[in-house]
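Next, two complexes with chain A in common: one pairs it with chain B, the other with chain C.
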Partner chain A sequence: MKKLISKILNNDAFSNTLASIISIVLGLIVGLVVMVIFNRAGAWPGFLVMLQGGFSDGARGIGQVLYYTTPLILVGLAVGFSFQTGLFNIGVIGQFTIAAYVAIIIGGKLTMPASIHWIVALIGASLAGVIWAAVPGILKAYFRVSEIISCIMMNYIALYLVNQLVHDTHYESTTAMSAYVKKTALMPKLGLDKIFPGSTVNSGLFIAIIVAILVYILLYKTSFGYSLRCCGLNRDASKYAGINETRNIIIVMLISGFIAGLAGGILYLSAITKNYKISELFITEPGYGIPVALLGMSHPIGIIFSSLFIAYIIVGGSLMQGYGFPVETVGIITAVLIYFSAFSLVFKNKVNKFALHFSYKESQKTDSLKNE
Partner chain B sequence: MQHITKIFPRIVANDDISFQLKKGEIHALLGENGAGKSTLMSVLFGLYVPDGGRILVEGEEVKISDPHEANRLGIGMVHQHFKLVQVFTALENIVLGVETTRGGVLQMEEAREKVDALSKQYGLLVDLDKKIEDMTVGMQQRVEILKMLYRDSEILVFDEPTAVLTPQEIDELIRIIKDLAAEGKSIIFISHKLDEIQQVANRCTILRKGKFIATVNVAEATNEQLSEMMVGRKVMLQVEKDEPQIGEVALHVEDLVIKAPGLSEKNKVNHVSFDVHKGEIVSIAGIENNGQHEVVMALTGLMPATSGKISLNGEDITDWSVRKRNYKHISHIPEDRHKHGLILDFDLANNFILQSFFTDKFSNHGFLNSQSIQKYSTELIKQYDIRSAKGPDTVVKSMSGGNQQKAILAREMDRSHDLLIAVQPTRGLDVGAIEYIHKQLVRERDNGKAILLISLELDEVMNVSDRILVMFNGEIVANVLPKDVSERDLGLYMLGSKVGA
Partner chain C sequence: MDTITFIFHQMLNFSIPLLIVALGGMFSSRCGITNIGLDGIMIIGALASFMFIRYAESYITGQTLLLLAVLVSIVSGMIFSLLHAFASINLKANQIISGQALNMIAPAFSVFVARLFIGDSIISFKNTFMIEEIPFLSQIPILGDLLFKNIYLTTYLGLLVLWISHFILYKTKFGLRLRACGEYPQAPDSVGIDVQKIRYIGVLISGGLSGLGGLVFVLPNSTNFNGTVSGYGFLALAVMILGQWQPSKIFFASLFFGTLKTMSAIYSGIPFFNTLGIPGNYYKLMPYLITVIVLILGPKSLAGPKAEGLPFEKGMS
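Now for the complex of A and B:
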């Protein structure tokens, strides 16, 4: 029995998960403290509502959690995939934005049968993401320009360009948002609307999960993924091994941009009510890419779970408003939780240390038994 | 240190080791690769918390929970793999963590004066404003030593300091260490080179497989006795080999030129031509930084040749990619195992397939074949006696330095090749392992492979090679047979004060 425990403790996947859970719990405690500071009376009930998250609103609530999870999985994957190969695609925001625009235009302007309209719009969106990611990819691969800087520039270009384009090409002046996309271009529900009535969850969720599995297979099971991880962990050794880094950098950025674009497309094709709002601020969803990837340890399967968690907190947080918390506090508390997620690596080391200690104690016990 | 025990998963790195350092002595620590030397020192330096035992400094029991505590107790350490911030200057690295500030402003001038004084006192020449990444390893090491002295350490630990140095630098270091001991500092000196231990140390403690074996007075022990205590059997310190069966030309280098980077007019490699035949071990001897490094880089494709021609078995490979050269043609044991040789965060199995992961043996329609990778790794580990905690699944970072080197060797020897380029292949290995590697090199030769050995150690060059080339200032200044040349002459060639055939 003890042996089993020590074996589980020393298992990598287990220590990753445990570390993530510890950081979540600590984040929750700090979140509660923040809430007490802001509103003593409402803190506890508000906290409980947040913890209940989607569950407090029945099937619709759960559906909404899954709806928020969908783009988070994809942007988390886009960031995490680039992390694993030693790049930092911070341009997910721009790739997402430009893709959203392309999805809205194809979905709103073109006329096609329902069976293919949304597919065409999604493909268009993904390709827009690819093109937006190609620029920093090429600059990095051939000219050694830091992808972080070029990505940030591409983000701003995307923001202002899309603001202008939406205004000029597909604008609804009464709402100050983009005009509607056609019904034919909306993501199919595949019965999810029956299970979770009233929510906007759609088949995009399945696409996101499938992409996560594909990324996992690509990274860990294929020889190409091996070469990508080599580049991520030691560039000199990859060169020594004859791995073509220039090619890898470009391919990674293209794939990452594709996934980011897919996220943008799926989100803006998810409901007739989801429109692009012209604003000086970036869209919020892709901004979660980095915390989702960190909390999920950049592992595709971990990212699915960290997305679920963060979506859950977002939905729960929005319900806290009913307990006298202004929208801003809700933002602060979710941010606290998410920042704590970045600490999961620290906790991973602690968990490992504890595991070692535990197995050592056990081995000593068995030794002394043998000696007797 | 009394009864120190340190356990890693599935391995007892230190098993009830007691060890005593007298004031002002130089105490050597000797043991096979993975015997637990670095671990014991890391415990002393507060990097690891021991699972048992206690540490006394000047008779008082102390708890050393982190390196700061060690510093406070006057314990300093030069690690086997340096711990310097690459993008900081030497001075910044030296004061890092113990900066003097006044009103929040760094007081670098005071620090500079103190460091200057120390470097004059001990002859530790360092360009204080140079960044670490632009320094040779020898200079980086001097920075590490200054760092210890700057912190007024009284107990100085050197973990394999000579493994990365040229023979000239080693003499220099030994002089410095002796000076430090004469000043009353106590020194722990880890090395696999018995001659060095004989030269510097007063006493020597021997570890084997995590256990304490003995502490002896160096003056009363011979090299043979020391190595026998350490390995547990007799070791051949001389290489046994027959006359080479020299075949046709395998590697042919013609008029190779490599320009120095930047605007410098001088060539790093200046019109070099040589051959290596099948069944022959040719070594390139020379003092560091005379162009050997660049020759290897050009042969392996890691650096382009400015002009000239390289051919292998009659085929012109000058413009081949690294992968094409790697694949069935050239094996390369690189100079810097952490930079080029290994992916430290990967496990052993993944490191074994570094160059051949895409071949049919290890992958199938683009998918890795984990079964055959696992099987292959288990074989290599067994065949080359690589000691590690979890076999193929051991993360390489957690392995001892010598076993990391063995892993590279296993991979490169086992990959099919016509030419083996071995750069300092025995760096950091214990005498038993060195004996083994040398035997393997000779066996490769006897199998008709061409071998190019680059070594800074005269002993190794004289012992192992069938022919010796000496490089000086980017040119080959001698091409001699070991039996026709004395170590002294070889040294003169290397200094450029003698030019031969």
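Now for the complex of A and C:
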């Protein structure tokens, strides 16, 4: 029994999950404290509503959770994949924005049969993401420019460029948003609208899960993926081992940009009501890429679960308004989650230390028994 | 002449906050801590000072109120930046993630606070802080119109910050130690200097200046604060890089970016630019595009302080 416990404690996946759960619990506690400070009476019931999340709204609510989960899985993968290989693709927002525009243009301007229209739009969107991610990748690989700085710059270039392009090419002035995409370009529902009536969940969910599995296979089951993870663990050592770092950096950024672009395409082809809003602020969905990746410990399967969690409290948080709490409360909680997940390594080390201590004690006990 | 004065004042209004925040970022970078949370800290500084102005404006008015608000913005920025300092210095957490967390907490928190206290996401205030004329100095030809009429106290404050920053960084013992901590922390550590403490001070300075920058940004450009500083904190990062982490170069970089920002705001009112027919969004993205180009073509000195972003463990080589 004790042996089993020490085995579980020493398991990497376990300590990862535990560290994420600690971050989540701390984030929720801080969120609750903030709520109590500002509105003592409404805090607890409001908090409970948030925790009930999508379930309080029946099948439609669950469908909406899955709808929000879809882009979160992909942006989380885009960030997490770059993390695992020692890069930080903070430019997912820009890649997502550009891809959204390309998807809207292909979906709104071109005429094609329904079976291929959405596929063409998605491919276009992904390629746009690839191109946008290539710039920081090349800068990092050949000019040694920090990908963080160039990604931030590319994000703002994408924001203003897309604002202008949407305004010039595909604009609905009555709503100050992009004009509609054609029905043929919308993501197929594959019966999901029957299971979750009233929600906008679509086949993009399956694409996201398939991509997660593909990333898992690439990272953990191929020698190329191994060389990528080596770069993430120790750049100098992998260089010494003969791994082509320059090539890896560019490939990682391209794949990461592809996934981010896919996310943008899927989100803006998901429903006829989903349009690009011209604004000085970034689209919110890709901003969740970092928390999703961190909570999922950058592991593709972990990212699926952390996206579900974040989507769940987003839906729950929108219901909290009935208790006098602004929607931003969820924003505060997720931001606090990120802050704590920045410490996740510290938590993980604590867990590992405890596990080491535990198994050491155990082995001493068995040793002393043997001696007797 | 009036048009030129107007453009000049606009340019100052856009450049000075960039200058202040970029100098803040510089202090953090040069002590070895990457702070990409400048944008979030600006929002918190603006939030605190405009909440203060809103509640205090019935008791105090004019420049006294503004100076008190300046203090509030600096202190609030410092307190908020403690989160980043604690995460990156004590816990040796990933500095990018911790900084980004600040950027995400701030706008949500700002709207949350405004909704709960004011019932609206926008904090409006009476803007009575413009100095119409400074006696005697405003009589100087040309310069009087440009620098001593229709100006905000915060503009002078920005220039003061520039001078003090230069002085601290290059003329004081503390400045030398700060720079050493960012380049090669083992060296100051070996002679008994507390690297962690110096880094804490560096991050606190960046927090104070960013908070002040938030106030200075919103004040001349608007009569309300709606929980955003339009990505100015990120633009300030670009200014800091183009300025190669040196106060004097940061000053020119901020003037340059401020000019571009001014173009995007007023191009339609100036016949020459209006006939060019370039939409405002392109002027807006220009600073970022130029930064990318300079990063490609620029000199190696754009690499930044050597130990930036690396946690320091005492006694480790």
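Everything that follows uses one rule, which is that the second predicted complex is superposed on the first by the 347 of 372 C-alpha atoms of A that agree within 3 Å, B and C clash if a C-alpha of one lies under 4 Å from a C-alpha of the other, contacts with A are read in each partner's own complex, and residues count from 1 in each chain.
Just so it is clear, a contact is a pair of C-beta atoms (placed from the backbone, for glycine too) under 8 Å apart; a residue touches a chain by one contact, two chains touch by 3 or more.
Owing to the predicted nature of the structure, the values given are computational and were not obtained by experimental measurement.
Q: Answer with clash or fit: chain B and chain C placed together on chain A by superposition.
A: Aligned on chain A, chain C clashes with chain B.
Q: So, A:346: does it touch chain B (first), chain C (second), both, or neither?
A: After superposing on A, A:346 lies in contact with chain C but is clear of chain B.
Q: Looking at the overlay, what does A:17 touch: chain B (first), chain C (second), both, or neither?
A: Once the two structures are laid over each other on A, A:17 reaches no partner at all.
Q: Determine, under the contact definition given at the top, whether A:237 touches first (chain B), second (chain C), both, or neither.
A: A:237 contacts chain B only, not chain C.
Q: Taking the superposition as given, does A:281 touch the first partner, chain B, the second, chain C, both, or neither?
A: Second partner only.
Q: Is A:332 in contact with chain B, with chain C, with both, or with neither (first, second, both, neither)?
A: Only chain C; A:332 stays clear of chain B.
Q: Which chain makes contact with more of the residues of chain A, chain B or else chain C?
A: Of chain B and chain C, more residues of chain A lie in contact with C.
Q: When the two structures are overlaid on chain A, which partner does A:223 contact: first (chain B), second (chain C), both, or neither?
A: first
Q: If we overlay the two complexes on their shared chain A, which of chain B and chain C does A:148 touch? Say first, second, both or neither.
A: Touch partner of A:148: chain C, not chain B.
Q: Please work out whether A:164 is in contact with chain B alone, chain C alone, both, or neither, and reply first, second, both or neither.
A: Only chain C; A:164 stays clear of chain B.
Q: For chain B, which of the listed stretches 9-17, 45-53, 63-71 or 81-89 runs into chain C?
A: It is 81-89; the other listed stretches have no clashes.
Q: Taking the contacts chain A makes with chain B in one complex and with chain C in the other, which residues are shared?
A: Chain A residues touching both partners: none found.
Q: Under the definition above, what is the set of chain A residues touching chain C in their complex?
A: On the chain A side, the touching residues are 34, 38-39, 88, 90, 135, 139, 143-146, 148-150, 152-154, 156-157, 159-161, 163-164, 167-168, 280-281, 287, 290, 294, 326, 328-332, 334-336, 338-339, 341-343, 345-346.
Q: For the complex, give me every residue of chain C touching chain A.
A: 36, 83, 87, 91-94, 96-98, 100-102, 104-105, 107-109, 111-112, 115-116, 121, 228, 230-231, 234-235, 237-238, 241, 279, 281-282, 284-285, 288-289, 291-292, 295-296, 302-304
Q: So in the complex, which bits of chain A are touching chain B?
A: Contacts found on chain A: 10, 221-224, 226-227, 229-230, 233-234, 236-237, 239-244, 356, 359-360, 363.
Q: Which of the residues in chain B come into contact with chain A in the complex?
A: Chain B residues touching chain A: 7-9, 51, 300-302, 321-327, 332, 334, 339-346, 350, 353-355, 357-358, 362-363, 366-368.
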